[in-house]
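First the structure, which I've put down as structure tokens, then a few questions once you've had a look.
We call the chains A, B and C, going by the order they appear; numbering starts again at 1 in every chain.
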Amino acid sequence: MTKPIVEYKDVHKSFGETEVLKGIDLDIFPAEKIAIIGPSGSGKTTIIRMLMTLEEPTAGDIIVDGRNLWKMKKHGKMVEADEKHLRSIRGDIGMVFQHFNLFPHMTILENCMTAPINVKGENKKEVEQRSIEMLERVGLGDKIHNFPSQLSGGQKQRVAMARALVMRPKIMLFDEVTSALDPELVGEVLEVIRDIAKNDDMAMVLVTHEMDFALDIADKVLFLDDGVIAEEGTASDVIEHSENPRVQEFLSRFRS
Amino acid sequence: MNYWSFERFFEAWPYILKGLHITVGVTISAFLFAAVFGLVWAILRRVENKQLNFIITWVMEFIRSTPPLVQLFFIYYAWPVIPVVGVTLSPFVSAVVGLGLHFSTYIGEIYRSGIESVGKGQWEAATALNFSTLDKWRKIILPQAFPPTIPMLGNYFIIMFKEVPLASTIGVTGILHMANSFGSTHFNLIEALTIVGIIFLALSYPAAVLIKKLEVKLNTRFDKNADIKPIE
Amino acid sequence: MEAILNISQELGRGLWVTISILIASALLAYLIGFIAGLSRLSKNIFIQKFTGLYIEIFRGTSLIVQLFWLYYAIPMLFGINLGSNWVIGVIAIGLNYGAYLSEVVRGSVEAVDSGQTEAAVALNMSSYQKMRYIILPQAVRMMLPEFGNYTIQMLKGTALVSLISLSDILYYGNILRSSNLSQAPLIYLVVLGFYFILALPLIFLTRKAEDVSKKGVAN
């Protein structure tokens, strides 16, 4: 039995008075593809944002490769993690955002190259080659010198994936990456994710509303409802054969 | 009261223009002072301590909403007689410090608006790519925050240029001072003041047009919210 | 403490001149701002260019230069002393900030979404009705914060009238200083305090205007 690369242990998260996550326990194994589904406001996005260190959990632990993400040992006591500690773990994780968040002042090639060079201190020539390959892989090899503002939403999102991939993360997070796209552009983005899922051995966590897609690529599907994992199983178990009325009600909205 | 004399009008030009380098010199120096001090305000405004932030905000508000003329008088007349810290400053330096300090509060807000114009998503993307705090600022935030502020800074440069004649009241020998001195010896103030007006207009109007053009150019080159325009 | 009271008492004698000039010049500037701002949008090319010239001249030069110029020019142009320096101060500040405000008015009207005009046309409104019921009510909301900001600028500008020997707050401050130089720091601090207290209501009104301007405007 392999060890999980990420473990959530009774993780809670509140924003002010409202508790968004009410105790999440979750293991993510290397190369595992997980889809998180559920109604909006159920806390799906918050789960992955905490792993990306964009939100701090209110209680509980997130363990990444044996290291506690949000806590560290100092003088024999466990204290809140500082930036240095977070940075040492964050390198294993990559994220693609709903609104792309490309850097508008850089060409798309520079978008891909800036982090490997400035953060990891890698060789520029090598990074450039790798970035071009990655941009070719997502179908944008002919646009490497364009600025993000010159691209369509689907193209931007493919750049964002290339940018995350050149960092060679062990875990990739996808935060509703097709929700901000025009319907006709969704397909090209899903195609790239499918390609990554089939050919790369990193773990992937997708927050998504694309049920057919989740069914196709996910090893495991979580149904999140009201801050707890209400249903968990293989994609087919949850999406096709769930007996949970909440799941059925939720899914009925996607069937026309 | 004399009537308009073209003879005097042309005679006054070379005399008044002798003060131009002082006016421009005060403008540039005061602007640089404000640009640097504005940075201090912008940083101070990011202080997280609530009480301290409150105080800083209101000190800025105080400097900003009281007359620069009084502030000039304070620095020129009052500063030297303050015990311990008081020093006598020349009219030129007083003007640079007085106007520079006054406008630094505006420029600090320009910096702040520039930083705030960079969306939250940019910070998050930089975090997700594991940038250090310093690199986040250097590579991601400031390169985006600064360009949109350039036209605003340019506008404040022009505004400050037009405020510089206030310094004639503490004896800075810029063009207004020269005009007053020409006018009072020859009793042709109106001609002299008209020349000052023409000089200001001749310099500030083209500068404003230039900045407008720059603004349009920057907007098209650098619009984060530019409509999605697929190329081909 | 007593010194502050004494200084305040003396400065108080100039309070009314400062306030009355502020109110009069602000009203004048608002009026000019609307007239010139809407004139800029006129289809009549002559009106448009003429107001454009006025705006550029007054925005392109300094208030202090305009004040001095009018101070000497008005008696010369009219051959008589037109009323008083008070009137000259009001006219100078009003004309100067009227030019700035006209750009605010023009900008706000232009900023009202073109969809609003289209909706008004679709409802068969005349161009007057469109302006009166649809465009201006939204534009005015957008203008409010800038009007507030410029009113604070005008308050600061009123200090200049002491230079044409009007006895405002600063004028009395300067007199106090010349008789007692060692007290200069305190005197000018109190002067600044006076202006700040006058500015406070304007600051709060401006902040309120910012809230108002965010509501009830199509975007």
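Operating definition for what follows: a residue touches a chain if its C-beta (ideal position, glycine included) is under 8 Å from a C-beta of that chain, and two chains touch if they have at least 3 such contacts.
As the structure is a prediction and not an experimental result, all values here were calculated from the model.
Enquirer: Going by the contact definition above, tell me which chain pair has the most C-beta pairs touching.
Expert: B-C
Enquirer: If I average the C-alpha coordinates per chain and also across every protein chain shown, which chain's average lies closest to the global one?
Expert: The most central chain here turns out to be B.
Enquirer: Could you please state the distance in Å, as a whole number, between where the Cα atoms of chain A are centred and where those of chain C are centred?
Expert: Chain centres of chain A and chain C, defined by C-alpha means, are spaced 54 Å apart.
Enquirer: Distance-wise, how many Å sit between the C-alpha centres of chain B and chain C, to the nearest whole number?
Expert: Measuring from centre to centre gives 20 Å for this pair.
Enquirer: Return the distance between the CA-based centres of chain A and chain B, expressed in whole Å.
Expert: Their C-alpha centroids are separated by 46 Å.
Enquirer: For chain C, which residues are in contact with chain B within the complex?
Expert: Going through chain C, the ones touching chain B are 56-57, 59-66, 68-69, 72-73, 75-76, 152, 155-160, 163, 170, 173-174, 177, 181-182, 184-185, 187-189, 191-192, 195-196, 199, 202-203.
Enquirer: Mind pulling up the chain B residues that touch chain C in the complex?
Expert: Going by the criterion above, the answer is residues 1-4, 61-62, 65-71, 73-74, 77-79, 81-82, 162-166, 168-169, 176, 180, 189-190, 193-194, 196-197, 200-201, 204-205, 208.
Enquirer: Would you pull the chain B residues touching chain A in the complex into a rising list?
Expert: Listed in rising order, the residues are 119, 121-122, 124-125, 127-133, 135, 139-140, 143-144, 147, 222-224, 226, 228-231.
Enquirer: How about chain A: which of its residues touch chain B in the complex?
Expert: Listed in rising order, the residues are 52-54, 83, 87, 90-91, 93-95, 97, 99-105, 114-115, 118-119, 143, 146, 149-153, 155, 163-164, 167.
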